[in-house]
Amino acid sequence: MNLTLRIWRQKDSNTKGQMVDYKVTEISEHMSFLEMMDVLNEQLIAKGEEPVAFDHDCREGICGMCSMYINGEAHGPDRGVTTCQLHMRMFKDGDTITIEPFRAAAFPVIKDLVVDRTSFDRIQHAGGYISVNTSGNTQDANALPISKHAADEAMDAATCIGCGACVATCKNSSAMLFVGAKVSQYALLPQGQVEAADRVKNMVAQMDLEGFGNCTNTGACEIECPKGISLENIARMNRELMKASVS
Amino acid sequence: MALNSKVPQGPIKDKWTTYKDKIDLVNPANKRLIDVIVVGTGLAGGSAAATLAELGYNVKAFCYQDSPRRAHSIAAQGGINAAKNYQGDGDSTYRLFYDTVKGGDYRSREANVYRLAEVSANIIDQCVAQGVPFARDYGGLLDNRSFGGVLVSRTFYAKGQTGQQLLLGAYSAMNRQIARGKIEMFNRHEMLDVVKVDGKARGIIARNLITGEIERHSAHAVVIASGGYGNVYFLSTNAMGSNATAAWKIHKKGAYFANPCYTQIHPTCIPRSGDYQSKLTLMSESLRNDGRIWVPKNMEDVIAIREGKKKPTDLSEDERDYYLERRYPAFGNLVPRDVASRAAKERCDAGYGVNATGEAVYLDFASAIERYGKEQAKILGITNPSAGKVYELGQKIVEAKYGNLFQMYEKIVDENPYETPMMIYPATHYTMGGVWVDYNLMTTVDGLYCIGEANFSDHGANRLGASALMQGLADGYFVLPYTIGDYLSNEIRTGKIPTDTPEFDEAEKEVKDRIDFFINNKGEHSVDYYHKKLGKIMWDKCGMARNEQGLKEAMAEIKALREDFWKNVTVPGNANEMNPELEKAGRVADFLELGELFAKDALNRNESCGGHFREESVELDGEQKGEAKRNDSDYAYVAAWEYKGEPADAVLHKEELEFNDIELKQRSYK
Amino acid sequence: MGGFFKSSIGRKVAMALSAFFLMVFLLQHFAINLLSVFNPDAFNEVSHFMGTNPMVQFALQPVLIFGVVFHFIMGFVLEIKNKKAQGVAYVKNNGAANSSWMSRNMIWSGAAILAFIVLHFIDFWIPEINTKYIQGDWSGTLDGVEGFRYYEELTHKFVSPIRVGAYVLAFVFLALHLLHGFTSAFQSVGATAGRKQTLQNIGKAYSIIIPLGFIFIALYHHFNH
């Protein structure tokens, strides 16, 4: 199929960007979206133009590196996938596809479609861990039974890949799904209890400091999350913070 | 230089304990005076950085991704082995050790593997303490599954995302140290060379991938944990950015490179669909526990299927060739990865591949669905269930076990694997070869360490399923932090390493010159053009089956391709900005050298062992006719290559492998 | 606890708490208004009680005013903060793909409700304050009207079709606001997933029945007088 791509081009963080139109031809419906972008880039290189910079790495939907806001949706129109697993069969011959970087004040553009998501890392630094040293003599893994239900729920929260689609999609650029998922993973496990109160306070404080917006419960993040992280994690974080603040 | 593996004396069971008791330690006050650089933040690098920082060293960690959490360890699906014997099925340290050595086709260092098995149990304890949500049973205890055809259930898992959860565990441990200021994290940085001062590794040259700035970083020791070189094949299950640059640069600075020809080609990947393909996706090996692999018996059916005139489900049992069950009745579909991969290639080479590219076989769940369905009907007390009911019940069980994999397959291929068999084909997945290290995980350069997949590792010629995660974390959490202390105990009086020295000047100049060359060359072909060509040579001639003629051709072709690359490659953009093409150019330049050494090593090793199959070395008769034949009398050694300017001129050093605790046997899966 | 209400989550919780208060108020306001349809005398009695009881006048009324003002100001503050958090806007954004119109436009439905409240104050509250506090007339009666004046004043207001139209429109916006706001408030204070479906059902019922009831009352008086 033949497509028109309307892509955000921006030289670097200090330069103003703009949308530029490109044409690509003979795109197979079996291609992944990023393979289509590869075709465009090879085309641009052949013409002596600068290829479009975009983040990507594992191309199997788990590393969370790829981003892109495609036709008004984070990771494009398909559900439960990242951009690297979005396939061209979701589009039609002759379509114009609008491709923008993830937008949020806390995710400044580095170049073209590449954004800086280190604000997520800094939130994790604030408390996204359990304080245990590597010693080789922590207690036996089975010394502390954990109900299957809690373990499974913690796992569901832990599947977050930190891609930032929740922020990109949120009209308020709120990071609460991301932070809620991490807070929940540890809050659900007994190992995480000791530091639970400090963790949620510190992580939320850092989240606010980074300039993410407030959650208004539109639920868009849950729908666009490639890993289906549940809104329940935000509710749990709210409870955890209230609990931490009164105690 | 003669290779000294520095394996401690004494019985294998006591080596590690005795060694730890006797090594020199660095006191806490002195640790503050010592800097360590860790390149790569996957399971090995991440766990090492965190642990070294906990101990009190100043760690500088580097990764090319935008966050340490994205290292490709994250993509490991199946699980992690540990000799916990929670299932009471007879597992033990010795048995894990034995299985690993045997699975590696007797080409690994016994003492290292034993140590790996020994610390495996600690890994699970450590990860659980960190909050890794491993799967549990209804009693709240950890669940295990059997994996990769071994006889015990020792694999711990977190759904199909074990690598992700373990990596996030290591990442969380890093985060804690970053917050404490003990780890300085350099995201979007790529190491482009190591700096040696008086024969010791003293720092690195790195490029800031956002600004393009070339930076100098010094330390008292450098740890390389940059993963494997599977992307030498262009198409692999590795991440797009996975590269061998760090490992190759240290090789060029004196670290020997061991067994590059040992590559694992994983049998259950989603087949290539066209020339535009950028990477291959692996599906967990666990699928082979229930899936049956087949191709049509008759060529007419193959053609009809490719033309879309027939569907695989139209073929009766008699018209199908379950070739693994036919050739290996004892293990059937559960033969080790290398055997399964070669068998698929054999059928496809014979023309029986079932998709348009001719490179695909079926993985069929119909009989599993039926078997589970009948079982369920029995449990539910349904007598004479209809075929539809059996299917419905069976599908539910299969969905519970493999639902996420089936869904992933459907997203990529757009076919429903419950209704039609999956198509699979082998793909490059893991490299057992890598930088040679001694028992301390130190390379042939003083103060330069290599851990995880980047080293030549404990897997010999073939890695067992769920052992990569185990090795990465063992190296990073439990081995390196001890062994590096022994070396650093001599560095407490060294003081800060300055970066304004001639050694740093020279290394930086080399790096800058190369970058300038790429930017100014303005040739006619893109970097990917060369990478794809290299990949094709590697896949055709250094792939699942290799022979002398092909390997010689490969060496010549790669050399010619490399020369063309240095004349005609084009890199758009500038050096002082984010420039993904420039990053790729540097990586492909290194692959173009590594590929040739790979072929040279494969040519040298005229035996079939593990992932390395030489067509000249097969059993000629008997029950094993046509199967791989190992040659222990001539090749029971590690081939460690010393860099001499051109890959073809590399000098071979042999580390003879001694097997005192395990008897060498020819593998048989018949 | 002070730090809590400065955090993003704390602000949301405060927003939710004021919303709960307003929803309870709305319910009692509706119940009293409904009396005007079935029993004008009872309506007059209750209105007089509410208008003259010191507890209601000097305790509940200030709380209500504070609640309303807080909810509005906080709503606008959060909106400004959120706009700032967003930075550059998308060229193309397909919000309908993942969220309801109501959830994305709380600020507009809220603004419409604010406009209505201004009208409502002019219509009822300011004359009431004028009568009671400036003119000092606490009798609740009017010359030429038998008994209390409240019912008469109420029906009088609904003569004008323009005003009735404005009321109807405002209550449509109120319904839209509540359709998202009801469950949103519960989510903000951390209602668990297990109760989600029940809450959603109650929320829907509340958000539709109450505004519809107000509309019914307005139309009833318009067409009956």
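Per-chain residue numbering starts at 1, and chain names A, B and C are given in the order in which the chains are listed.
Basically, a contact is a pair of C-beta atoms (placed from the backbone, for glycine too) under 8 Å apart; a residue touches a chain by one contact, two chains touch by 3 or more.
A quick note: this is a predicted structure, and the numbers were derived from the prediction, not measured.
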item	value
Most distant chain from chain B, judged by the mean position of its C-alpha atoms	C
Identifier of the chain whose CA centre is least distant from the whole-structure CA centre	A
Distance between chain centroids, defined by C-alpha means - chain A, chain B (Å)	26
Averaged-CA centre spacing for the pair chain C and chain A, given as whole angstrom	38
Whole-Å gap between the CA centroids of chain B and chain C	63
Residues of chain B that touch chain A when the two form their complex	47, 50-51, 54, 65-72, 74-75, 84, 86, 119, 122, 124-131, 133-142, 158-159, 161, 164-165, 168, 171-173, 175-176, 178-179, 185, 187, 210, 237, 239-241, 273-274, 276-279, 281-282, 407-408, 411-412, 414, 477-478, 481, 526, 528, 570, 572-573, 577-578, 580-581
Touching residues (chain side chain A, partner chain B) in the complex	11-12, 28, 30-32, 34-35, 38-39, 42, 44-46, 48-51, 53, 55-65, 78, 80-81, 85, 87, 89, 110-111, 114, 116-118, 120-121, 124-126, 128-142, 144-148, 151-152, 154-155, 158-159, 161-162, 185-186, 189, 191-192
For the chain C and chain A complex, residues of the former touching the latter	1, 3-4, 7-13, 78, 81-82, 84-95, 97-100, 103-104, 106, 180, 183-184, 187-193, 196
Touching residues (chain side chain A, partner chain C) in the complex	6, 8, 19, 69, 71-73, 77, 98, 100, 103-106, 108-109, 169, 171-174, 176, 201, 204-205, 207-208, 211-220, 223-224, 230-232, 234-239, 241-242, 245-246
